[in-house]
Amino acid sequence: MTDRTDPQDAPRLDDHPGEGAVRGTQRMEIFVDAVFAIAFTLPMVEIKLPEAGPHFGAELLALWPQYLGYGLSAVVIGIYWVHHHFSGAIYRTTGHHFLLATILFLIAIGFIAFPTRAFTEHIHEPEARETGAIFYTCALAATNLTWLIKWRTGRLTGDVDARLDKAYVERLTRKYNLTAALMVTAAALVFVRWEAGLALAAAVTLFYLRAPETPVYVTEAPTVEGEG
Amino acid sequence: MTDRTDPQDAPRLDDHPGEGAVRGTQRMEIFVDAVFAIAFTLPMVEIKLPEAGPHFGAELLALWPQYLGYGLSAVVIGIYWVHHHFSGAIYRTTGHHFLLATILFLIAIGFIAFPTRAFTEHIHEPEARETGAIFYTCALAATNLTWLIKWRTGRLTGDVDARLDKAYVERLTRKYNLTAALMVTAAALVFVRWEAGLALAAAVTLFYLRAPETPVYVTEAPTVEGEG
Amino acid sequence: MTDRTDPQDAPRLDDHPGEGAVRGTQRMEIFVDAVFAIAFTLPMVEIKLPEAGPHFGAELLALWPQYLGYGLSAVVIGIYWVHHHFSGAIYRTTGHHFLLATILFLIAIGFIAFPTRAFTEHIHEPEARETGAIFYTCALAATNLTWLIKWRTGRLTGDVDARLDKAYVERLTRKYNLTAALMVTAAALVFVRWEAGLALAAAVTLFYLRAPETPVYVTEAPTVEGEG
Amino acid sequence: MTDRTDPQDAPRLDDHPGEGAVRGTQRMEIFVDAVFAIAFTLPMVEIKLPEAGPHFGAELLALWPQYLGYGLSAVVIGIYWVHHHFSGAIYRTTGHHFLLATILFLIAIGFIAFPTRAFTEHIHEPEARETGAIFYTCALAATNLTWLIKWRTGRLTGDVDARLDKAYVERLTRKYNLTAALMVTAAALVFVRWEAGLALAAAVTLFYLRAPETPVYVTEAPTVEGEG
């Protein structure tokens, strides 16, 4: 799709014919990081301050499922942000279709706090807790699928940095494929046995607390330009 | 309005006399992208978590018009963002009047989720749905007009990149004019037959899922500076 | 306070002894522009969608004071943003005390939508409208004073670009002083005759729709680096 | 952990083996500053506009504990932002574990407005005020601990700028250790005598209104690249 001859070249505005103005990744990150930041912080408005009264302290403590909802949602969004931040060094340009796939991913990120709360805020009530766990697990799986769609789109459109070692890119693809397969399994399992489905989805998500593999470049690794 | 002689030159702070400190587009994009991001994510706070109870699952499913409102609003804002992101490669500077036109456009972007919800959240109720569709279609048309005003202002003030091929800029102008004309038609039609008006506005909006034409430069296309 | 000898030099991290790590203005603008963007967009959450019913259309129209509140707040914040964006070309560095003054200014920006709504949402009710107008005018004046404090702090700490013509900086100072004096006058007047006080504050604010004077540099005007 | 030989070199993407794509600090700051900005501004949505009526003015004045809550929360978040902004000149890269520590810190920043309001909004009621003060002081101490964790992580992972004078970095570490120790003391004291605990936490926080020590570099201080 591109006629780039030297992978060391900086991206050019006219590089992807038919894909509009292809630009570097930096500018896209402003919008993406702002959506991440709002999705991360916004759930705090759902926690209502109790009225003053003799049980004010106990009521503050009793809000722990809501604090948990905020914290859990922030951890999941935070993990996705760290990996998105990482992949910002993997992509080199942002074509039109890659931006659309990013929008889809961000719709999932903006939504995820809601199913998180459906689970955590009803954690005391067996029936609602199970329903919440199903909703939450399915939402985690759907979010993961949008990540995979974004990755696949980026590969198809040539937005992934051409200087990366092909085997390295292949390993990332396999890792994302496997993750998505496990998340879909969790979403199926949660309907059968909710604790197992949720535990699998949580384990897969927490696995991403580990640092991703350092990128391997065929050509000499680029310096981080414009970043003091 | 400017006495720029070499279109290859970087923009200078003193380039547009009488227009204040004209700056490159990058810094403006922080504010604009942040408004886009908030408008995109904020509607989630309107979706209230149902109480726990025997019908918790059914109640979560019954919220689908609200999920639809969030998703629809995010898709429309996302499409505008992608094209704004694209046009960030079309503009080269941001003069005072262009910034004011941008503010007007952002007021529309920040507002659009409300008429979206007026339609989607009352989708079950024939009368309110029609009123909502009218409101929504008119809001989509008004938003589109602010886009056109922004574009025309940018052209008038000389903020559009002077290195672009004139025929290319002309094609963009015709496209934006035609879009606005169709949206105004939709806004008139919706009062006569709401399904037709809304469908036209939706079709025009979804047309923008297609990638815009790659910019054509008279002089050699610039590289994307400062974007690794 | 600095021993900078050549005003053409780029700012250095160790330039302002005793003021911590003085940095260029770009990074500060991320936070500032994000606060502007949230203050701009957040008031939309205060507009509640009416229930469906036979008067849904009329109820949507009857919300006009709330739409006005959103729009008015956005226009005022937008004007401040445009001038802040402009002054981002006037400042060259951001020392510790300048950042603190910026925080004060942003507290006012984040607050301004509330007194705006106190006026617009009670515009039908004579007594509350007068109280709202007093609150709003005082808030506009207070916001303007924080702007002046920020400007004076920036001058005192040497964060204003040393390459600017001294007479130009002097004209800006006089303009900001005069504006603040008029706003304080409006805030006094509004207690006597609310229409007059509010009108004066509005006139002064709308005056800033005009483009600021183009910066005048003693040395050759710098190009906008890092902005494609 | 790194084999960097010349501290003057720009950071490289492959610099920290096993830590993913290590990047400069600029891109991380977009997300971080956006979270700061939302945490700063969001508490405004908690202040509800009183209904119109004969006591509208008095009711607006009676909201002062809520205005105080917004202002106090903004001041504390603002102080942390100024020092985070400062430390953005201290760090040079952002490895995976440093990003995770940053997420933890941001969870605390996004939360802090809630305990602030628990104190200020019940300031009239002796019992609830004491409970609120305990909650607030503990939250301030916890936030400070996440700051220390972030700092220690940054030192361990080698993300702190290697060009800084070792004694300077040591002084910062001692300062942050001492601060955390005082905050933990305040959090213990507040259970015994709430006024004393809160006063200590407030005093330590306000101490940070003072400018931090200017960074001392072993090698020549770097210019602020890419910042006009």
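Order of writing sets the labels: A, B, C and D. Residues in every chain begin at 1.
Throughout what follows, contacts are C-beta pairs under 8 Å (C-beta built on N, C-alpha and C of every residue); 3 or more make two chains touch, one makes a residue touch a chain.
Quantities reported herein were computed from a predicted structural model and do not represent experimental measurements.
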I need the common contact partners of chain A and chain C, sorted by label. B, D
With a Cα-based fit, what is the angle in degrees between chain A and its identical partner chain D, given to the nearest 5? 90
Copies chain B and chain C touch via same or different residues, half shared test: different
In angstrom, rounded to a whole number, how far apart do the mean CA points of chain C and chain D lie? 25
Quick one: chain B and chain D, Cα centre-to-centre, how many Å? 35
For chain C, residues contacting two or more additional chains: 26, 30, 34, 37-38, 42, 45, 222, 224-227
Residue numbers on chain C that touch chain B, as the complex places them: 26, 29-30, 33-34, 36-38, 40-42, 44-45, 47, 49, 52-54, 56-57, 60, 67, 70-71, 74-75, 78-79, 81-82, 85-90, 209, 211-217, 221-228
Where on chain B is chain C touching in the complex? 10-14, 16-28, 30-31, 34-35, 37-39, 42, 45-46, 92, 94-97, 99-100, 103, 106-107, 110-111, 113-114, 117-118, 121-122, 125, 127-128, 131-132, 134-135, 222, 224-227
